[in-house]
Amino acid sequence: MKKLINAPEAVLADALRGIEAAHRELRVDHENRVILRATPKDHGTVALVSGGGSGHEPLHGGFVGFGMLDAACAGEVFTSPTPDQMQAATAAVDRGAGVLHIVKNYTGDIMNFEMAAELAAAESSIEVRTVIVADDVAVQDSLYTAGRRGVGLTVLMEKILGAAAEQGYDLDALVALADRVNAGGRSMGMALTSCTVPSAGAPTFDLPEDEMEIGIGIHGEPGRHRVPLGSAAEIAQQLLDPILADRDYAGAPVIVMLNGMGGTPLIELYLMFGEVAALLEKHGITVARSLVGDYITSLDMAGCSVTLLHADDEMLSLWDAPVETPGLRWGR
Amino acid sequence: MSPVTLDLARLQQWMTRFAAVAEQNKAYLTALDSAIGDADHGTNMARGSAAVLAKLEASPPSTMGELGKTAGMTLVSAVGGSAGPLYGTFFLRLGASIGDAAELDAATLAAALRAGVEGIVARGKAEAGDKTMVDAWLPALAAMDEAVASGASLVDALAAARDAAAAGRDATEPLVARKGRASYLGERSAGHIDPGAASTALLLDALAEVAAA
Amino acid sequence: MKKLINAPEAVLADALRGIEAAHRELRVDHENRVILRATPKDHGTVALVSGGGSGHEPLHGGFVGFGMLDAACAGEVFTSPTPDQMQAATAAVDRGAGVLHIVKNYTGDIMNFEMAAELAAAESSIEVRTVIVADDVAVQDSLYTAGRRGVGLTVLMEKILGAAAEQGYDLDALVALADRVNAGGRSMGMALTSCTVPSAGAPTFDLPEDEMEIGIGIHGEPGRHRVPLGSAAEIAQQLLDPILADRDYAGAPVIVMLNGMGGTPLIELYLMFGEVAALLEKHGITVARSLVGDYITSLDMAGCSVTLLHADDEMLSLWDAPVETPGLRWGR
Amino acid sequence: MSPVTLDLARLQQWMTRFAAVAEQNKAYLTALDSAIGDADHGTNMARGSAAVLAKLEASPPSTMGELGKTAGMTLVSAVGGSAGPLYGTFFLRLGASIGDAAELDAATLAAALRAGVEGIVARGKAEAGDKTMVDAWLPALAAMDEAVASGASLVDALAAARDAAAAGRDATEPLVARKGRASYLGERSAGHIDPGAASTALLLDALAEVAAA
């Protein structure tokens, strides 16, 4: 395993030191492994807390700042953070208008955030609501399963809800907005290589030189299918087809994210985006806004994912609203 | 000579034994989790059980109920992932069921284990056959109950539970997962043992072993 | 070779299509392979043109926009662009106050930009000046060699000169400023893996699991030394020692960039930055500003580089000035 | 029957032959450039020589001087990197030296090649022993001059130049580079043949071959 680390057990603590050193606009609570804004938001506005396993950087810590999150809880690599962390974050950021938890739909994350919310309800007067992101069309949705994974849409959710919270939306309005974002958002991902979890020390799966995985998530898990390596144009189709089969985007203005999994360089992501944009045009789908780069990664995995969000005017204006975080920044 | 009941010292030995076993089986559990999950179950269990041990040493519990509570709280706050809340809830409920009893015979231990597993099910909502740790726990509880009903000793009842858990673990192999990360793989999840079922089998093996020692 | 591409020969053209689709604030001249601002800058201000081989994204195209470059010429992967491209870019961006070429110090780049400047002098009345970035301490500087490579400092140079040009600095003032940036800037890089040039189809060099290259550039060339794989703390030292041996930064306020080579995920870059920041503190060097991420890459190479720039107040204020490009954005 | 002089048709064959050779040796040249450079020399030469061929077909030159100019301009604008300006300048100067001559004998060809190489040196400022293409060119020019002085035929003179270029190419192997990308490697550049010296040897081999055909 070749990584720029000191020791597998120290990855998270060491990375948090680096994040703190790199971003004075952030504050790091090392004991609880929570990344916070150095300057809290205005009193009377809802605060947003997210979090999850590490290894997806810039998600979530890189999205703490004006116009997005108020705090992010960092778990061990690919391991949901604990209720204690979430509670500490919740208590730290509440500005009297309640706290919204943004949770990616994974059993571990759901259970830990649930326990945190139960503890908060029992031990404090902070009103906590939770929105769950579940956008991965690679996973069949069903009442009998864990449901769809939360993947790329999380970035868009955090941006849009973050802007709304900044503008004074209350908890109910934020939850209603989140429902619409969830309803309009879909993602699909693929991998050229496995990632290597530091504590595991070896790639999570083997993938021959001439094959790729379609329908992967963000935790290095194998995908739904293993297929022969394709061209960028073929891959774009293999990612878009299941999204478009799942939801009709025809004629809709969309926010598109072409996201890198961590080990794929930007030149390839741009190239892929060209293919995706061409296909969307062919389908009569209008790209209203786009984002190309590494936003929600899977350690050093090579590959990419596509996220589409059918965006109404409100979402677009919230998307365009100023944001000032390490990972997304515009308008100030 | 094997005991007729378990006491605080034995439960403490259980935790010590389990921490050693989890550390020894870290790579094995992570390899299982690599095949159908995210390659962290071994690290999670080793980190959690070591944290429990450290906590028990730092603040030794005075009752078995307290031990359960301490172990549960520590797992909840030190592990994260799925293993943290699930095993954490297990031990919290186990501790609550034991209360301030000074000894556990086969029947009261069976009841405590059942209470713990009910916590796991309440938290994770998995059913039999979903390919989770529940598929190791449910046969273990059934075997334990049967042994108790047939008048078996504590040691024999735990041995039966251990064997049933191991069989339940092995029986997860052909299943298609409906809960947890493995469910994302759909049909591809078949042909692999569930990592949580494997750690449950290790936990019961550790218990049977300290009881028999 | 596993890459998100259609065909090795098509990489550049396809990637340019994607850049165009992703960034409406940019314009792409596909014939000349030049990336330009969609809205040219004010008349009467100096325009900045840079360029180089592709494979270093976001450099240079991702730094076109307000506060940085006016145009970037994209060569084939790792191959300097041609004089024709540079001439086309120069002619397109001139706003009557002359054009500054920012060139990384490589024989190919130097020769092509030289020919472009000769052609411009012969065929048009545009005043062209050139600044050469040469900051890589891995290379011994000597009159008899090609001199130091231009690496990480290029990003800082483009930011600082871009802000100055926006503020109305004339060609002479820009060249003088560039001299100071060059004088105060040093870089050093390392690789955990080789990159794979698409047209070559295989890694440029083999590197065993337990070794790394120290003193690499940005073209996949092997480094100065091959050494046993070290911890992040050791690597930070191996990168900083030669920089600090070459130039005394004690007591200086510096701008630090911890740059990823393309295949290393952000979590590792933050971790490395933590080690670098700690070492700088130990040396009594004040980190005035910092940048952590992929800014000047080498395709899919895993590794990183460190750049230090001794920044005076003028440079710091130019650094802080608004910038709006795909790769760097703040202040608007 | 081998000619006594070269004419426009032969020079055109040279370009055709070189494009074929560059394409065939793409992987070889890139492999050399991988060892001490950036793995693009083969692609650069194949792309450039194919572009020259296309250009010559699209706008056939009417003189050898024009051919040199077209080839040079095309290489300059189609290749980039180091190879583009260097080989581009070579052909531009070669063409200028030939002017509107209709035939080249050994002496005038030698002079034209020398003019081209002077262009390379003016552009790149490399000296003998710097481990660049110049280390193939200089011995080739010397051998050509010597052959001409001793009254050798054009074909024999070019064969001598080709052999000298190949020897010059091989002699770059032990050198430590002082120019070009390989110089960044310092001592590690020794033990590898310079890719540009290898492409120069191929270019002269193609010329000797079409002359002898």
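Letters A, B, C and D mark the chains in the order given here, with residues in each chain numbered from 1 onward.
The definition used in the following text is that contacts are C-beta pairs under 8 Å (C-beta built on N, C-alpha and C of every residue); 3 or more make two chains touch, one makes a residue touch a chain.
The shown structure was predicted, so the numbers you read here are calculated from the model rather than taken from an experiment.
*Asks:* Averaging over Cα atoms per chain, report the distance between chain B and chain C in Å.
*Replies:* Chain B and chain C have C-alpha centres separated by 55 Å.
*Asks:* Give, as an integer number of Å, the spacing between the C-alpha centres of chain D and chain B.
*Replies:* 75
*Asks:* Any idea how many Å lie between the Cα centroids of chain A and chain C?
*Replies:* 29
*Asks:* Express in whole angstrom the distance between the two chain centres, defined as the mean CA positions of chain A and chain B.
*Replies:* One centre to the other, that is 32 Å.
*Asks:* Among line, ring, star, complete and other, which best matches the way these chains touch?
*Replies:* Per interface graph, the chains form a line.
*Asks:* Let me make sure I understand the interfaces: which chain pairs count as touching?
*Replies:* Every pair of chains in contact is listed here: A-B, A-C, C-D.
*Asks:* Tell me, which parts of chain C touch chain D in their complex?
*Replies:* Residues in contact with chain D: 53, 75-84, 106-108, 111-112, 114-115, 136, 138-140, 144-146, 149, 197, 199-200, 202, 204-205, 217, 219-222, 224.
*Asks:* Which of the residues in chain C come into contact with chain A in the complex?
*Replies:* 1-7, 11, 14-15, 17-22, 54-55, 57-58, 62, 192-193, 209, 212, 229, 231-233, 235, 258, 262-275, 277-278, 287, 290, 292, 294, 297, 299-300, 302-304, 324, 329-332
*Asks:* Considering only the defined contacts, which chain D positions touch chain C in the complex?
*Replies:* Contact set of chain D toward chain C: 30, 34-40, 42-44, 47, 76-86, 123-124, 178-181, 183-186, 188.
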